[in-house]
Each structure stands twice: as structure tokens, then as C-alpha cells.
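Structure record follows, encoded as C-alpha cells.
Order of writing sets the chain letters: A, B, C and D. Residues in each chain are counted from 1.
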Amino acid sequence: MTKTKLFALTGASLLGLMMTANAVNAQQSGYLSFLIDNGPQSVAVAEAWVAAYTAKNPDVTIDIEVRPGGGEGDNIVKTRLATGAMADVFFYNSGSLFQAINPVQNLLPVTNEPWQAGIQDSFKSVVSAGGEVYGTPFAPAMGGGIFYNKPIYEELGLEIPKTWDEFMANNEKIKAAGKTAVIQTYGETWTSQLFVLADFYNVLTEVPDFAEKFTAGEAKFATTPAAVRGFEKLQEVYEAGFLNADFGAATYPDGIRMVATGEGAHYPMLTFGIGAIAETVPDHLQDVGFFAQPGDDAATNGLTTWMPDSVYIAKTTAAPDLAKDFVGFIGSPEGCDIRNEAVGATGPYMIAGCELPADVPPAVADMLPYFQEGGHNGPALEFLSPIKGPALEQITVEVGSGIRQAADGAALYDEDVRKQAQQLGLAGW
Amino acid sequence: MKKSRASIIGGIAAIAATFVVFVIPFLFIILMAFKDKQQSALRDFSWPNGFHLFENLYEVIKTRNWMMITAFINSSLITVVSVTLLIVLAAMVGFVLARRKTKWNGTIEFLILAGLMIPPAVVPTIWLLQGLKLFGTLHGMILIQVAYNLPFSIILYRAFIATIPRELDEAAVIDGARPLDVFFRIILPLLWPVTVTNIVVQSVGIFNDFTNPLYYLPGNQNATVQLTLYNFQSQFSTAYNLLFTNILLITIPPLIVFMFFNRQIVAGMTAGAVKG
Amino acid sequence: MTASAVPALKMQRRSLYPGWFYAPAAVVYSVLFLAPTFASLYFSLTRWTLFDATFIGLDNFAQFFREPFLIQGLVNTVIYAVITSGLKVVIGMMLAVMLTSQIMARGYLRSVIFFPVLVSTIGVGMTFTVLMHPTLGMINQTLAMIGIQGPGWLVDPKLALFSVALVDVWKGVGLATVIYIAGLVAIPKDYYEAARIDGATKLQNFFYVTLPLSRPATATVITLSFIGGLRTFDLIWAMTKGGPGFASDTVASVIYKQYQAGFYGLSTAGNVVLFILIAVLVVPLTMFLNRKQGHE
Amino acid sequence: MAGLELKNIQKTYGKVEVIKGVDLTIEDGEFVVFVGPSGCGKSTLLRMIAGLEDITGGELYIGDKLCNAVEPRDRSIAMVFQSYALYPHMTVYDNVGFGLKLAKTPKDVRDQKIREAARILKMEHLLDRKPGQLSGGQRQRVAIGRAIVRKPEVFLFDEPLSNLDAALRVDTRMEIAKLHADLGATMIYVTHDQVEAMTLADKIVVLDAGVVQQVGSPIELYQRPTNLFVAGFIGSPKMNFVEVTVEVVDGDSITVSSKDVASLRVPATSAGVKVGDKLTLGIRPHDLVPANNGAIVGRVSLVERLGNETIVNLELSSGAAWLAVLEGDQPLRVGESLALAAEPAKAILFDKDGKSLLAPLS
């Protein structure tokens, strides 16, 4: 151990006397607080990392704090940062949400830390602000596309669709076979955005400079036909009657279960869902495949990708050296191995030296070609532009359940975006 | 007799209706708490396959490093201290407000009504608590609960104090009482019926408060019982058996308060709320 | 000797009702409630990221009123408040009449009706979200058994707000009932006896004695549940988060969404709007209820 | 023990004058009754003595001490309230002992004093009860017990009997009189009931509209009221009044007459009175006797036959309504005419300001 001498304040948290972690002089005590969201995978991974790290450094105590996910969680992170009550190390999104937490003011830069050498530049670009890098990947990269149930495809002899028309044709056959073609889970509204967000690769193929123009306020969803397509696709699957009966109330775990067990054929989702399948319906892990959301041209078929979430160090931490060491551990190949062990592999890592195990689930295997030579992929809009309207998920629920027309929804979203852009003080709005 | 038969039928109908409307949802919660994860995921009103209550309870309590224990201690502390403060402070205000007519009474009553109506400005409050070094502390949370719930308590008290004859205060003064003696030895004991109402309504409200601790009391060591519900309803999956076990568990303290004061609640309401 | 010749004697003795009794409550209330409320008036005029605030005048208010969902939110809020307080008045009164009569199992009935008051709003919301699931929920499964296709309680945009309002009534009617019981118990028996001598039927008894004489209780129930309804947030958030889409948004949930999105100035402006809405509706209502009371 | 001295005591609420400069001396050990119609300020005056109301102007001495700014607890007074004001949540024992407890009297001394007071008032058996379990009379007793236990120098009673029924009222009245005799303390008693005033008082203070009308012994007030108000207020049934005209004025008497009254010569001071002046004649109902050639003639409008006496309502020809209380049973009939004679020595004349024109005592 090359670290400063550390000693544990074991059980300090049990006393319940400490008001906030940073109120304690942790430099000597070897204490860190680590704030994550309450998804079971986040918890499982974080617990595994902490266990491994403290096994190597027995004098360190790391307390895992859990917050809600979603918008509520965003709020807690912002509030705690603003009030100086943030945990030493915390997990949060990269991309536009990262920009919204005022990183330069609130976070500790890690640009020149040794482990950053192994991090891919594409990731660094979405956790950088003011010329400094602040984040370290928490998870592998993700794709946004469509999970499909392999047994149904085999049973009906279906091909992986390369275009939206093929996809709809498949749906038609599945429906004709008396099955649910497309699973939607608006009981958790965030899941409703996938058809729009995962269509962004297709937008980029038609309008390569959409993101820049969008950020500058020059391109709008409603007036860019390629961008409206996402909303239209949402509307089409609803109108064609492809959806599960309880789409309005079903939740994400329901969707995961349904696509895995064959209660439905397609589920638009991010690939981190593979982890959830592995945990909740492990027997059906081999039954789930994945493909990118098809566009209009089979030749340009490609995947919209999401940079992983990231871990950051709060500027208010009382133990910056210890925090950096811990984050470096997460961002090392050893951290990846622990992750694979704890929750399985869900996608390609952004860290040099991180290997996927040989026996990855089929959905992961389906995803890898998009990242390899000859594959097509492009980042989601939230990594190219700091603007993401907060009401998108409500709007996509409306469009996806026939309450609002696609064009109308796109226009409404533009309005929502305008508000966000103004709030960020961007030029041109 | 015809009349009594009608009332028996009416009684049975009432019992049956309330059973369906009010009891079945609770039975549902209880049944869910007895199930294992797989069965609970079906969310139906079925008999549990096997008895899983104790393992669910154990799971709920030990989750997040025994967070439930911390949460119970915190919530109980917040509830007991803030209700005590509320009772004393609100009764003091109600006492002087009911007894002493000054030109300020109108203003004070306006502020009280405003407190009932105005939704608290969360963000500025956080900003202010931070400045006072009260953000994220139990003290801060207690004071927030006191501030937010004062108006309702004052209104209950003021209405009741108006029904206590002023001659009692004067008799006490003649007996040599100072204002504090009058208040604590004469008035406060006489307010008991309204105090019961206050204890029940406010302690249940504060114990069950979800939003305020969410904003003003971040951090694991500060968890309150309502926030523990989040442990099982996450963004990515819901363990319904544990969620409902949790709901069941955190309903016990308000239930105890209710059983203690059940008989006296109506008396307090008669005394306070209705005469207002 | 005149009084004015001995001004020293006019010295006030200490009041029996000292003003400093206000002080502890006033300090807590002013610092933690009034000060932030006044601060919110300023912050509502700024673009506020929590990290810094830029003064932008009335832009937030303009933006807030431009919110495409705000008008619906306003309408929803009023509908919700009217439905919940109206049902609580009617059902609470009926239950109270029943529970003050010679009905059997009174203790059981009263406890059962009051019990939901004790459960946390979030717990109730989560429970009913499960019960109201369109296909798996117990309610619709029971309806299916008798051959009725239950509606999508929380997922039908026309129904969601009403479903949440029903749950609100379910949870809150116990308190209304207790207030009414208290009000009914306080009505002197003489009135009923006088009415009986005058030959009043049970129904007439109710309309000419019970109803008018329980007006103070009605005023309390209406005021509390109406204000509660206008401010409602927990339950809506726990059950629909304002959805589907924006179908069950209320002003409070619109405000919260702005807050969530980090539009702190905008959210604070919304707070001010909500306050004005409540004041505009509740102040005349309380004045109306109290004036009627004065005529008694 | 202590007497009281009130010097030009005034009380105003805002612009309203309630007590308009009261001067009064109360001797040590005296039983003084403040009497007057409701709203006359008698209770206010008592409360100012108690220290429950601030004194707007003037000086209040209790013993030799100027007490305007003295807290009630330091005035050595005790008070019995109209509603008794017993603390509902305390037992009788604690009610009686509350003042001692506040004064930090040692527990054993306190106990002894409480039991002593209970013995005097014969309420030892009530000590463990709460006020709610007591009858009106018992509550009254406890309220008095609470007053005497502290051995104050001045007792204040604010209409203490008005919440009791008639029979109990008489009994309790007598007990209070006895208590005064036993304790020998100064007592100030407020009532609107002139019977209580007459039976209890050493000295009656008649108040009206915040002004002392007359101070004196009960008999003095009955026989020699200084003005129309006192004459009308003291005595039951009320004194009869009628307007008369002066016929003859001589040294120590005035002869008056009117439509209703044939010429009547009344002993009076005649200074400033001229023939032809309008005066008011007052005659008490008990001082009228039937006489065929009586000076006063009226028509009987109501007869109340009580056996030992007969109360007759008369309508005089001017329309004035008079009362006469006649000895024994008088079988009068409504509508018949009745002539009454009055003993001139008991009639009183009042000038037009209401001041009585009593002849000086010989």
C-alpha cells in the first residue's frame, strides 16, 4: 500500500450522528461515501467493487448510499451538489445530464490521473467540460434498439429486419399468429422514449449535422422529416394494434419478462436490459436477441449507442486522494472483471484491457457487430447536444398511446426543448 | 320488530360494504407481505404459497445495511420531537391569540391561513437551510415539520381556547400564577382533547411524510421510513413482496397511536375543529 | 389629584397574555416558512440553476403560462379539488350519520373507515396502482369474474384523474367522517325531539336539523379538503406522475416537473401561481362558509 | 388586615369612560357591597381592586400600600368568581391548594391549611373529587375554600350567588355572613341583587353609570336615599314615583299635589323650592294603607293575594302604575277604585335633578 496511513472509522455510519459525510475529516479516517441509484444492478456492482476494494485496503470504509433513479434522482444529485452535501464519489449520467450539473464548479477533474490513459476518447468527450475530464465509466457502452424473442422468430420463420417496413411486416405476422408484436411499458414513462431516442442513428444518416443545428436552435424535430420519423414509428405501432393489452400500466420489469418469456416478440430498450433479464429471468437469457432500430434504408442500418454512466468525484470531498484511488480502481480492467462477475457482461467496455467473457448472452453478441469493423453506430442525441427536453417521456407516452399525433408530439417536444435551451443560456434561443 | 330488522340488514350491508372497500385492500397488503417474490409479482388476491412473512421482514429490515432500523429511529425522533414542539408552540400562540385582542390579531390570522394555503417554496428553503447549517440534519427536519404544521395546530387550539372561560386564567392570577404558570398548569392540561387530535393528526402526518425528508434530509444515515419504500420500487424492478411488507411494517406505529387515542379522537374534534 | 398628575401609576403591569408567547412559533415559522416564501418571490423572477440566479423579470411567468399542459393542469387541479372535497363532504356526512345512529359494530366500522388515514400516502398510492392495473389488478380481475371489462383506471387519459381522486377520497374520508361525527354529536338532542313532536320524518330530520346544524363541520371539511385537493401532489405523483402523458397533471405536479428538470426559477414561479390560485379560490370560499355560519 | 382607599379611580376603554372617578374608603374588616344595575361598572371596579384590570387614573391603596402597579398575587387579596372558576382538571384538594403551591408553601403546611379550610367549610369529604362531580353549592364552597386558604387581607366576591337556585342562595348568603363574622377580614362583594346587599353589607356602595351614587349602611340607604336612583334601586318592591306640583313651601315641609295625589304635606328641606315647581314624590309600596279619604286614588289592575299581605297594582288617573303592599288579605277586585293614604313622614320628595329633599335628621 502506497497510500497515506489510513484508519477506519468502522461503524461511524451506524451511530447515525454524522450529518453529512464531508462534515467528518475523512482524510485521516479513510472514509468514503458512494452515492448510486437504486437499480439492483447498480447496487450489486457497487457492493462488489466496495467489497473488493476494502478487501485490498482493510483500513478503508466505504458507505454506499442509494438514491431513487429517474428524474427524482436527478433532482437529488443536483440539490446535494448545490448545497455541498454530495457524497465523495457518485454515479450519474454522462452527456447532457452531466453538463447540467455544472461540472466545472462541482466536480474534481481527473484528466491527468493514470487510469484515464486507458479510457476511450469517445467516452471522455461526454464527461468533459471546460477542457477537463471528470468521469470514469461505471458500465459498458449500451445500444438502444429492439430486443426480440428468438423462439417466436424461429417459430414464425422471421428474419431480422433491416428496414422499418420489414419490421412492421414481421409485426404483422406475429400479430396474425395471435401474439403480442410490440411490448410497451408506459407504467414507467422513461421506457416510452426508446422509439424516438433509438431512431437517432437513422436521423444522423439523413441529416448528419442535425445535432449541431439542433443545439443552435436551427433544426427542429417537427420540421425535420427524419426526426419526426421516430414519433411516427411510435404512433404506427400503436395504431397497428401491435401493443400488449396492458401497455399503459406495464412496467419495465414486465417488459423484460415478457420479451424473455415470449409473451411478446419485440421490446424497444437499451441493452442494459440484458442485465435485468439475467437477474430476473435467467432461464430465458438465451431466448433474447437484439437488433438496431431499423431505418428506411437497409444499406445504412446501424445502432444508436449510449455512452455508459459515469462515476464522479465531488469537489467537496474531504478525501480526494482516496476518492481518486477508488475511482481508478473502478476504471481498471480489474473493475471490469468484478463487474462481469457480479452482473454479467452487457456490452463493450470503454476501458482498454477490459475483456468480455467468451460466453456472452446472445443479445450482447448481437450488439457487438455494430461496434466492430464494418458495423455502423452513432451516438445518441444526448451525447451530441446538451439539450434534452424534460417532458419527452410524457410526450412519447401520449403519442405512443394515441392521445396525440406524431407531428403534434414533435412540435410539443420542440417547445419543451426551447425551454431547456433557454434555461441553459444557449445562444440562438 | 320491523325496525330492528331493517337496522340489522342495514348494519350487515354497512359491514359488508366497508369490508370490500376498506378491508380488502389491507388484506391484499397483508397477503402480499406473506408471499415470495415470484408469487407477489403476479399481484393477484391469492392465498400465499407458503409462509414468507418472516423472511420478507428480515429482508426488508436488513436491506441497505439495516437502513430500516436507522429509518425507524429517525422517523420516531422527528415525529416525537416535532409533535411535542408543535403542541407547545401552537397552544401558546392559540392561547394569546384567543385571549388578547390587539391590532395584530388580523395579521397573525392572515399569516396562519397563508400557512395553510401556500405550498412551501422548496428550493429557497433548501438554500436557506444550507445557510443555517441545518440542511440534512434532523434538527432542521424537525423545525421544518414544526413550521409547516403550525397553522393547522394553532387553528385547532385557538378555537378550543376560546371555549375555556377566561375566569380560570384570572382565578389563577389571583392565586398568584405568572403567565407561564397559567399556561402550563391551567390551560395546557385543559387542552388535552385537542392535544389528542393534534397528536394523532400531526404524528401520523409527519411520520408518513415523504416529500419533505426527500428534499431536506438527504443521506443514508438520515433515512426516514417513507424513503425506505424506494428500496424495493426501483427504476428497474420491483420486489412486490418486500414493498408490501415494508408498507405493512411502517403502518404499525401510526396504528399504535390510533389504538391509544381511538376513543378520544372524536372528543378532540368536537372540541377543536367544529367550533372553529 | 388627577390621574395625569401621577403618570408613574399608569405603568402597565405585565400582561397575563404576554406577546412573547408568540415568539418561539414566530421565529420557526418566519425563518423556515415565511422567509423562503418571500425569497421565492424574488427567485421566481430569475433563471436559477441553484448555482447562480440571473434576473429575467416576468419571463418565468410568461413561460409558465405558455406551458402547453398548464391550462389543463389548472383545470385538473380545480376538478380534483372539487371532486375530492365534494365526495368527502357527502360520503363523510353519510358515514357519520350512520355511525352516530344505533348501528351494530360501530367500533369496527369507525376504525375501519379511519384506518386509511393512518397509512402513508405513498403506500396507499403504490397499493392502488397495483390494484388498479388494467389487466392484473384485483379490481378489474374481480370485474372480469362477473363479466365486466374493467376500464384502464390509471392508463385511460379520461379516467386517470378521477381514479386518483377516488383513492384520495378513500384515504381521506375517514378524517372527514370523524369531523362530522364530532359535529353531529355536538347537536343538542332537543332539536331532534322538537322535530319529532312536529312530526318530522327521518329524512326531514336530516334535511332540516342535521344538515344545517352540522354546517361548522361542513365548513371545516370543505376548507381542509379543498386546500388539500388544490395542493395535492404525493398521491398523484405516486400513482400516475401526471400521466398518461399529461392527462392527470395538476399545478403541483407541473411545478414539480419543472423543479425536476432543474428549472428552479420556473418552478418557483409556478409556486407563486399556485399560491395565487389557492388564494383566489379559498379566500372567498372561507368567507362564504363563515358568513353562512354567522346567520345561524 | 387592611382597609382600602380609592382615590379618584378612573377606567376608560379607548374613549369609553366606564368608571368616572370613584373615591371610597373601606375600613379594615368591613363588609362592603357594590350594587347597581348591570353595566354600572361595579364588576370593573372590583376587578381593578383585584388587579385584573389596569387602573386608568387615580390611586388604589390596599392597607397603606399604593397598589396601582402591583401584581394581583402581591395584593394580599382573594377572589370568588361568579362562575367559581374552579380548575376542572384538578381535584378539590388541588384547587384549594393551588395558590399555596405557587407560593411554594411546604407540602405539610399546605396540607394542614387545605384541611383547615375544608373543615371550616364542611367539605372534607369532597377533597378527592373533581369539580365536574360537584353540585353548584359544593362548587361555591370550594371556590370560597380556595379564597380563605391563603388568608388574604381582602376578600373579593363577584356576584358569587347568582348561579345558585333561590333556596341555596339564601343559605349561602347566611354562610358568607357567618364567614365574615368568623374571619373578620375585609370583604368586598359585588351584586345586582339589592336583597343580598341589604342583608350582607356593613356598607353599601350604589353605583350607576360609573359614578358612586351613595355610600352608606343599608338602613340609611333605604330610609334616606340621596337621589331618585338610589331610592328606586334599594327596596323591594320598588318605590312608587309620581310627578307633583309644589303648593305650599314652609320651613321644614313642602305641600305637594297633582292630578293623582290630593294635597300632601311632606317633611323636607325647602331651600330653593318655590310654589309651582315640579317635584317627584316617592312613596314605598309598604307605606301605603287603604283609607277611604286617602290622598291617592287609583283603579286596581292586578291583585296578588299572598295571605299575609296583598300586593295591589294600581293605575292612577295620570296613567302612572303604582304598587301597594297591604297588610293581611284584602279581597279587592280588578277594576274597582281604591283610595290609599300615605304616612307623610315616610314620603320623599326629589327635585328635578333627582336629588332628594330630605329633612335633616333631628
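Basically, a contact is a pair of C-beta atoms (placed from the backbone, for glycine too) under 8 Å apart; a residue touches a chain by one contact, two chains touch by 3 or more.
Predicted, not measured: the structure shown is a model, and the values here were computed from it.
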| item | value |
| --- | --- |
| Chain pair showing more contacts of the two, A-B and B-C | B-C |
| Maximum centroid distance from chain B, chain identifier (CA atoms) | D |
| Intercentroid distance (Cα basis), chain B paired with chain A, Å | 39 |
| Chain centre separation (chain B, chain C; CA means) in Å | 15 |
| Rounded Å distance between chain C and chain D, as computed from the means of their C-alpha atoms | 57 |
| Centre-of-Cα separation between chain D and chain A, whole angstrom | 93 |
| Per-residue overlap in chain B, given as positions that touch at least 2 other chains | 127, 170, 173 |
| Residue list for chain C, restricted to those that touch at least two other chains | 14, 50, 133, 136-137, 259 |
| Multi-chain contact residues (two or more partners), chain D | 51 |
| Residues of chain B defined as touching chain D within the complex | 165, 167-168, 170-177, 181, 185-186, 189-190, 192 |
| Partner chain A, residues of chain B touching it in the complex | 41, 64-66, 70, 73-74, 126-127, 130, 135-137, 214-215, 218-222, 230-231, 234-238 |
| For the chain B and chain C complex, residues of the former touching the latter | 7-8, 10-11, 14-15, 18-19, 21-26, 28-29, 42-45, 85, 88-90, 92-93, 95-96, 99-100, 108, 111, 113, 115-125, 127-129, 132, 143-144, 146-148, 150, 154, 169-170, 173, 179, 182-183, 201, 204, 207-208, 210-211, 226, 229, 233, 240, 243-244, 247, 250-251, 254-255, 257-258, 262, 265-270, 273-276 |
| Touching residues on chain C, where the partner in the complex is chain A | 47, 49-51, 54, 63, 66, 68-69, 129, 132-137, 152, 154-157, 241-247, 257, 259-263, 266 |
| Touch list for chain C against partner chain B, complex | 14-19, 21-22, 24-26, 28-29, 31-37, 39-40, 43, 48, 50, 98, 101-105, 108-109, 111-123, 126-128, 130-131, 133, 136-138, 141-142, 170, 175, 178-179, 181-183, 185-186, 216-217, 219-220, 227, 231, 233-234, 252, 255, 259, 264, 267-268, 271, 274-275, 278-279, 282, 286 |
